[in-house]
Amino acid sequence: MNKNFSTSYRIYYEDTDASGVVYYANYLKFFERARTDFLRACGISQFTLAQTQSIIFMVRKCQIEYKNSARLDDLIEIKTTVKKFGGASIVMLQEMFRKDDAKLLNILEVEIACVNSKLMKPAKIPEAIKSAFTNEFNG
Amino acid sequence: MNKNFSTSYRIYYEDTDASGVVYYANYLKFFERARTDFLRACGISQFTLAQTQSIIFMVRKCQIEYKNSARLDDLIEIKTTVKKFGGASIVMLQEMFRKDDAKLLNILEVEIACVNSKLMKPAKIPEAIKSAFTNEFNG
Amino acid sequence: MNKNFSTSYRIYYEDTDASGVVYYANYLKFFERARTDFLRACGISQFTLAQTQSIIFMVRKCQIEYKNSARLDDLIEIKTTVKKFGGASIVMLQEMFRKDDAKLLNILEVEIACVNSKLMKPAKIPEAIKSAFTNEFNG
Amino acid sequence: MNKNFSTSYRIYYEDTDASGVVYYANYLKFFERARTDFLRACGISQFTLAQTQSIIFMVRKCQIEYKNSARLDDLIEIKTTVKKFGGASIVMLQEMFRKDDAKLLNILEVEIACVNSKLMKPAKIPEAIKSAFTNEFNG
């Protein structure tokens, strides 16, 4: 699980604020897009998972370090790695770069809990997800 | 129904973009807050309505004219008036002003449909809402 | 100028609200992305334009009709056409479709003014933009 | 500096996502509103500060723990405390509660740098701010 998953996104006006760069909360939107695209690349639809198995993923903790700002029109790249795969939770490490000059912009460590949305209690991560992750991102 | 309902909101960084003023889509957020606070002032909770009667309000049409921009730290005032009360729809007129200098910023005409969320079909506006509106905003 | 420009975007959690579908103001974000990508495809950077010529585009009017809702994970397509090219303003017509079933979701007619950001007064649309538009989107 | 500053905000549709509760990045918007209102209560306008002294505050680190979700229509309360006042940075502790049942929803520890926006270098926190903070929040 040491291979990382990479996706790119564009910065538009909606992402910026009056300081001229991306608003600090909006970086978390891009990180979430990357995690969703990561799951999609593993063949997992969060929507289907919620509908059929009442399994949802909820963020428990975020630790984000802001190094440099993303600007309007920037193309950013996010590298996502699974750091720890627990029974009912996943820890991911995500790094955001500016494509243009390869500058590191932000680092996020995020802990996500697998939850049964009907009981609102922790749920075991389905085997299908575990093996999808493993197959996709291990040699 | 010619009395108008007035509420005030503050502009924060999250509302602005790199042009230095409020992002054009975000004005619609404030207009929606004003409509929700309007309903709340009439004793109507959209959440309860959805839960107990499967009644939701969906925006069908928006016509917005941008006159002047709202800036960071501005306190804005929204005046909301019911223009037309149909069987299954409401047309509202909403005007946004800067409190400071009373400048008109935006005008929105919005058509909202009353919908049964289970059938996803138009629904008659509940009498309770009709009379709440009428009592609250007529002499 | 009757050829249209098409771009696609994905719907993520950030775009939706508690009603389960995309929040009504957020459709305007996608329309703006499409206009920006349209300009970029014509070789025009809004950022450079603002920096070098103090030329910015400001939305003056929006008329949006909501036909159907976009949902989580949907891939949407936006078709953008220039309807009218004035001296200091452009009227664009934009239609949003769900890729999956080709269903029409929303229609936006938007009037955009070309503004000198230093004087905050209407400015003539630069010839370079006019011809870029014309070359790119006419047979 | 051990007294805390408290402000309240309402949850609207714009803040929620398709999971039915507030979107994880949007909690940071409320925390930022609280910090801005905190400064305003100390007689400090970020806008004026930026215009007259080229002083801006930039978030360097966020550590957020998600305990419980805020829901549509909830009234939330944020308690903000200055944890550490450095020469060119401030560490704040912020807790979000649901007003209704006093439930703790989130905890944020945020490190903010004082930056000269022209040089884009760390700047000493102006004495006026330091003393405003001290007077306002100490017995």
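Going in written order, the chains are labelled A, B, C and D, and every chain counts its residues from 1.
We adopt the following convention: a contact is a pair of C-beta atoms (placed from the backbone, for glycine too) under 8 Å apart; a residue touches a chain by one contact, two chains touch by 3 or more.
On a predicted model such as this, the values are computed, not experimentally measured, just so you know.
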Option reproducing the contacts of A-B, where over half of them reappear, out of A-D, C-D or B-D: C-D
Of A-C and B-C, whichever chain pair has more C-beta contact pairs: B-C
Centre-to-centre distance between chain D and chain C (centres being mean Cα positions), rounded to whole Å: 34
Gap in Å, rounded to a whole number, between the CA centres of chain C and chain B: 24
Interchain centroid distance [CA atoms averaged], chain A/chain C, Å: 28
Set of chain B residues in contact with two or more other chains: 13-14, 19, 25, 29, 32, 71-72
Chain C partner contacts - residues on chain A that touch it in the complex: 10, 12-14, 29, 32-33, 36-37, 40, 45-47, 71-73
Complex contact set, residues of chain A against chain D: 19, 24-26, 28-29, 32, 50, 56, 58-66, 117
Interfacial residue positions of chain D with respect to chain C in the complex: 13-14, 16-21, 23, 25, 71-72
